[in-house]
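Below is one structure. I have some questions about it.
Letters A, B, C and D mark the chains in the order given here, with residues in each chain numbered from 1 onward.
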Amino acid sequence: MCGVFGVYGHPEAANLTYLGLHALQHRGQESAGIAASDGRRLTLHRGMGQVIDVFTPQHIDRLKGTNAIGHVRYSTSGGSLLKNAQPIAADSTRGSVAIAHNGNLTNAESVRHQLEETGSIFQSESDTEVIVHLMAQSRQGSLEDRVADALTRVEGAYSLLCLSERKMVAVRDPLAIRPLCYGTFPDREGAFVVSSEPSSFALVGAEFKGNLAPGEMLICDDTGVRHSRPFERKSSRTCIFEYIYFARADSVIDGISVYEARKNLGRALAKHDSVQADVVIPVPDSAVPAAIGYAHAAGVPFEMGLVRSPYVGRTFIEPEQSIRHFGVRLKHNAVSEVLRGRRVVVVDDSIVRGTTSRKIVKMLRSAGAREVHLRISSPQIAWPCFYGIDTPTRSELIAQSHTVDEINQYLTSDTLAYLTLEETQRAVLAADEAGRSTDGGATLNGHAHALNGANVRNGNWEAPPDRFCHACFSGDYPVPFQDTPRPRQMRLLDI
Amino acid sequence: MCGVFGVYGHPEAANLTYLGLHALQHRGQESAGIAASDGRRLTLHRGMGQVIDVFTPQHIDRLKGTNAIGHVRYSTSGGSLLKNAQPIAADSTRGSVAIAHNGNLTNAESVRHQLEETGSIFQSESDTEVIVHLMAQSRQGSLEDRVADALTRVEGAYSLLCLSERKMVAVRDPLAIRPLCYGTFPDREGAFVVSSEPSSFALVGAEFKGNLAPGEMLICDDTGVRHSRPFERKSSRTCIFEYIYFARADSVIDGISVYEARKNLGRALAKHDSVQADVVIPVPDSAVPAAIGYAHAAGVPFEMGLVRSPYVGRTFIEPEQSIRHFGVRLKHNAVSEVLRGRRVVVVDDSIVRGTTSRKIVKMLRSAGAREVHLRISSPQIAWPCFYGIDTPTRSELIAQSHTVDEINQYLTSDTLAYLTLEETQRAVLAADEAGRSTDGGATLNGHAHALNGANVRNGNWEAPPDRFCHACFSGDYPVPFQDTPRPRQMRLLDI
Amino acid sequence: MCGVFGVYGHPEAANLTYLGLHALQHRGQESAGIAASDGRRLTLHRGMGQVIDVFTPQHIDRLKGTNAIGHVRYSTSGGSLLKNAQPIAADSTRGSVAIAHNGNLTNAESVRHQLEETGSIFQSESDTEVIVHLMAQSRQGSLEDRVADALTRVEGAYSLLCLSERKMVAVRDPLAIRPLCYGTFPDREGAFVVSSEPSSFALVGAEFKGNLAPGEMLICDDTGVRHSRPFERKSSRTCIFEYIYFARADSVIDGISVYEARKNLGRALAKHDSVQADVVIPVPDSAVPAAIGYAHAAGVPFEMGLVRSPYVGRTFIEPEQSIRHFGVRLKHNAVSEVLRGRRVVVVDDSIVRGTTSRKIVKMLRSAGAREVHLRISSPQIAWPCFYGIDTPTRSELIAQSHTVDEINQYLTSDTLAYLTLEETQRAVLAADEAGRSTDGGATLNGHAHALNGANVRNGNWEAPPDRFCHACFSGDYPVPFQDTPRPRQMRLLDI
Amino acid sequence: MCGVFGVYGHPEAANLTYLGLHALQHRGQESAGIAASDGRRLTLHRGMGQVIDVFTPQHIDRLKGTNAIGHVRYSTSGGSLLKNAQPIAADSTRGSVAIAHNGNLTNAESVRHQLEETGSIFQSESDTEVIVHLMAQSRQGSLEDRVADALTRVEGAYSLLCLSERKMVAVRDPLAIRPLCYGTFPDREGAFVVSSEPSSFALVGAEFKGNLAPGEMLICDDTGVRHSRPFERKSSRTCIFEYIYFARADSVIDGISVYEARKNLGRALAKHDSVQADVVIPVPDSAVPAAIGYAHAAGVPFEMGLVRSPYVGRTFIEPEQSIRHFGVRLKHNAVSEVLRGRRVVVVDDSIVRGTTSRKIVKMLRSAGAREVHLRISSPQIAWPCFYGIDTPTRSELIAQSHTVDEINQYLTSDTLAYLTLEETQRAVLAADEAGRSTDGGATLNGHAHALNGANVRNGNWEAPPDRFCHACFSGDYPVPFQDTPRPRQMRLLDI
């Protein structure tokens, strides 16, 4: 998972991008970078680690110009190396360009092979560099045409920002798998901002204006901002996991409030749940709204039975001897006073390998919980993601090879329950602002209202076929691929 | 505020201390340090910043030995400089000693002046160094006697750890103002651990065994662990603000659960509250339990209307132009879906200057809240702390010069309410585990049960005169002082 | 000016390359880098500064494999930036390759333009990267064929080392403008070493075996070492300035001892000199042998009247106020005892702008010298070098626009004398070992003996037309170029 | 060996001190430091390594004020640790003070023990810190009186600079063992400079004014500069090794030119030498003047048969396998052209353990020398120095247990010769400027002229009893001591 953020036409472009990346930090802590342009040249700085560690005031000061794009990265394609950090930039006779990419291309390896066969030299293992090379070979003239030309040759998920000396282009793939939205600055006319999530706008003082539609392109230059649709029109298949786990709770993605979606998921969990509990607790922070939703619906008291260390997220020295449940204790600790002697429902958003959930169940028991009932606010993850999320290979996914009963046994929980895919989709759709509002105001991408409003209100619900990508639950991959996309590992190591 | 952590008799002493400091990181992020002893010599490493930034695996590896003490610091006495980082260590003909200190001495400046007059050379601005010099001048032989000898000449608050080549000594001041507790390792006989808070024990796999009584000293050497009472017996006056704000929610300090105390404070706020609200939200993270308590007692739905960035806490580059409410937005953001059109009760733990609260009120309103009712789970702070908390000077405390109405007006909230000191003390005492339990089992310091159990159950409640220090609310300072203690600023700057 | 060093087939390849670069440090202090290969992959490390600052033991340890090439750089093409440091490396479907280059291409800019037009993306401003791209586009199979293929498209000076996973290739341009020699390790059969100068062999325990002939290529792989001549045969035009200034005094370049050449230059200066002097002093270190030669020939006592600081060469903080002659004083200081009241001949190797010589003359006078006679052991520099030496533009060369008398006046010396080009060539040739030896043993490149031996002994001397490049003195450029080669400056700045 | 430099009353005090330390870098490369005062406070910066590595422009900028003292260190007392770097500074009720010390105290350990017994806390292993504590305990009022008071309790060698907020004091021990001189700035009235060697004055644009006499103190404050003689008058015993090896060739120490002294030592070597040689070469850089002196006197051609790398002096990564003579090759390399087939006299300044000399002899032979005759421009070193030079223990000195013949055999030289102590003293004294000059102008310390002039001219020469300390040659220690001074090693390690 990654995050992108861009500012056009603002004298503090690099500084605002720095803040925007900070607000997107939950989307990637491995590396960060900003490219800025001042009309004549691009300046670039990238580093490993969190935004706050990568940039000094001197860097921000040297990132001159009124335009900037930034990137935070959690490795999905290419190893955890500085050369794979983004934005990726290149200089050519036609000028310089920098690219920041959230998502993952599914045919990067074969295109790369073709390019290398004719003499292209790659500097990184990143699939994003393929786009840079395709742009360099494009015979098109303008930045936007070269971007569109290059993208016709790639497949997969991308929310992309491109910066040249004088232009910024934002584009979202034809299925709109990864989020991308835009806004303006109330106190600075002509300035424009693009971001993976609208929750990042508050910190920089910007106002949300809309989401990019599937395959939509925004072009910012000194004539203003204009929309373009270089690709064929498709219906969106936004990643449903953004609502379940990735996005920040205060974001509204394509018209759906993440907070509300999560509360709905929690309510859905409670709906058919017959377990008798004394207390409902979340695994913080992502599962808090779902646990609140569960508690409200089930009428069971909500408590914070697990506290989360606010200081985790960077490299940590582990003790040599095996301290039991070390990793999970570093992040969470149980509050005995809430748990002792109680029947506890603990709500989490998902189970990947099952190891963390198992440690949490044991931690709750050793803090005195009489019963531990684990409730997952999504279906079983049984398929890897090839569109930008760093899931393990299929064999490591516990739900790929185990039934719910077997998983429950492994986790040592008293009971375990997931949502069905239908419940999940329904709960998320129910948080659509268009659907909930009485006036049903048009959303930017237009199709949302008609599509969902009807279905959600319809008692005889039928999952809309094309609103979400749910491949990780269903194996139904909206972008086909021939063989499993594997990232390229270079034989050249720069230390 | 600071945190101390020590391990005696464990082969991974430095590593466990590193983890312990991480678990105490909320008590100070300015600097961190560890001193370790291997029976022959002390090794010391200190640095500016968070634990995770200060220590590399190489440092931990070089901090050899089975004994170690550590310190995290938030400056209270002395500037934010490396030389003021702790532990402070000294070498002498009698051997080496390192000291880690949570608290603040009230007569440090006059003792320091006397010491300097006779030729003592100070390396830091820290009041803790006074203790090191007094120990160096002591004619006593053993480490514990030299510590006790030195402490007879100082006044104030201290939870202190001392480490020599072969011994570790822990001591708590006669009023037990700052917390200090101890434990053992189930899987390592003879190993011993001391910490500011018991919540740090889980991460290192230790078991809580008890709290140090007022003026109690623990001596760990190769003959084992023994208790000593070198000072006259007094009743404890533990800082009540530890329960309200400082300590971690999963800690139990001197028999009182911090989580329960905070929930009780929230319940107490709801008790006499007649405001009609649609939703109760906390200012996360510290006010979450109080908001839950309020929600339960008032029967109003609890929601997370403010999300907190998990990545804040270190140096940050501010934008040049004034972005409105920048600082608070960096830390918190409002969830519009929870707030829009609602009557909101927002619970916070305290108000110092009022500037942050004002920004939060405005943020809630601009996210759509129809009414904003601020509820503070403690009384007005009107006096500075001289016992180890870095409060501003009296004139900066808004409650020192303004009535509740005036503060409400400044904050632009619809209504504002505090707890009274009696309500606060009563709520915290009601979380005493001895008082709540049916068997009323003896606590370590013994006095707790008799004292509170009776009072709390007594409808005609009378605040017990000596259980807490509440000087910041009442101006009633349990340790007298002649003139305002001011930290010394050195004329020598080592850059 | 730059230096290259490579080792093939030795288990300590990176370490020996590190030492070899140290011994070539006088050829460039701006950046340093090493690429190593272990048969499967390449590892690369580069950094700004001197060898000793760029590499830690950890770097050397990670530069695994039995083959390595290294580079020290003094910028000639491209700014002083890390991205321009060498070796330059690239990964492709055919494997990885790293290149270290001493010299300068004269048609780099036009080839680069063509490459960019068809989509090649350049990472640096270095002319060396052009070779990397030409190799990537070559349809040839083997490393040596791809190198040869690429080099047919470029012109200029190059002593080049290429490293792939399993091979090392060394090649010298058809005019052999920059030096390149090779050797073996007496205690390690099969190991091979290539270097800019043979003086670097002593430190690594290698033995000099020969110089690469004009256009000669050496190919090292697991079948051994073989020679190849991919280009048409030409006579060498080795840079004469290597003998005058650049090379280390203990080097023998293409059969000519640098020390002897410099002594001969000094002797030649004395030959027609009628000045009456009390003492001869060098500007250390490069002019020491010439001053010794002058002293021997003129019968005037040699003294070290200027001492040189051994600690200069890296970034230095200059005083704010103008201290007179600061730069030169940092490097040299006069010994009054040697100079006071004396008539001084001071020998230097060359004059570029004249500013340093002027300061030295003034320094000698203020140390008490009665007369200062400056003798330059080379002709006037009046033309820029386009083959790898970082000379200023023509207008900054004092000899381009001033007569010797005018220069003498500007320098404030009593007298000033240069050598003629003929004297210079004759003096350097007289140091040819083949010419001097009685047995006239064959040198590697064969042509040397026949060519010079005869001429030098011939009283009626005629400068051999093709032994040296002396374009900086004569404007006679052996490699033609259409327009002045200018390095490309990228519009993309990576900070 | 160490170097000290101080500036008083100059707006660029820290910058000039930085340059002065650079010019004294040959006296110590282990650590460097500067303390500056601006009338109100002291600022201090110290670091490990060379001056150029320790200070950034930011450091110099923050070292505010018109007064500064600096220090470069080569460890003699205390390990190679940052805490032992100088200046050492302390803050007290009377103000702050910083001290920079060249030399070594012979009773530091016993005074330190007494101080620690009464409670003084030491931060370093440096003997210099003893002086700081004695000053802190002094009942005297002024800085100069406290310095004098403290120095009455210590014995040994010291050239000392003290800096307080408003004063700078320089003092030299009663025997003037280490050099210390002073000067002024022609372009800045009232500014004053003190340095270990006058050769450092040129770089900062200062003029030499005189040497401090034995036991003399200089006090700089806002009333100007005044001399004081707080100790009893003694005759000087300046370290003779300063002339032989330590000082820079362009320095004049106590009226004696180092360059001339070295040339005289070389001439003295040639005087009785009957060896037939083809060439005389020095071991550069320190033995160059002696070799020139030898060559002039013996009528044998002088050549630079060994070149010295200008880039050595800092930490270096050694190759794993044993490369023969690695250390010496790193520093020197032989010029075969000068040596091949020749009978070589090689002049060096001294032999300590003999290992380096042995490697040089072997290097010369393998470069082709037919005979190698080693000539040492000083007597045999058979006693350790306790006055500030880091000589090894007695048992490691080859001359302590071996005859000249045995040493010659070990070194594998053809012949070996030293100077006698009388020859050495005589040669150095003959370089006294007072003695050499016709007008015999008075030197600052006055006694020099009368003492030496007579003796040197006297054919029946008798070594003046008190002009030099020559304990390393003779075992005649001018400052007595009870037991061998051993530096204290702390049991506290700050990493």
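The rule is short, and it goes like this: a contact is a pair of C-beta atoms (placed from the backbone, for glycine too) under 8 Å apart; a residue touches a chain by one contact, two chains touch by 3 or more.
Here the structure is a predicted model, which means the values were calculated and not measured.
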Task: Chains contacting each of chain A and chain B, listed by label - done: none
TODO: Just grab the chain with the largest centre-to-centre distance to chain A, centres being mean Cα coordinates.
DONE: D
Task: Same-site or different-site touching of chain C by its copy chain D, using the half cut - done: same
- [ ] With chain centres taken as the means of their Cα atoms, state the distance from chain B to chain C in Å.
- [x] 65
Open item on the list: So the centre of each chain is just the mean of its C-alpha atoms; given that, what is the distance between chain C and chain D in Å?
Closed with: 37
Open item on the list: Suppose each chain is reduced to the average of its Cα coordinates; what separation in Å results between chain A and chain C?
Closed with: 54
Task: chain C: positions in contact with at least two other chains - done: none
Task: All chain pairs that touch each other - done: A-B, A-C, B-D, C-D
TODO: Give every residue of chain C touching chain D within the complex, in rising order.
DONE: 12, 15-16, 18-19, 22-23, 25-26, 29, 50-52, 55-57, 60, 199, 202-205, 248-250, 252, 257, 259-260, 285, 288-289, 292, 295-296, 301-304, 307-317, 319-321, 323-324, 326, 329-330, 333-338
Task: Sites on chain A touched by chain C in the complex - done: 40-46, 59, 62-63, 89-93, 95-96, 98, 113, 116-123, 132-133, 136-138, 165, 490-495
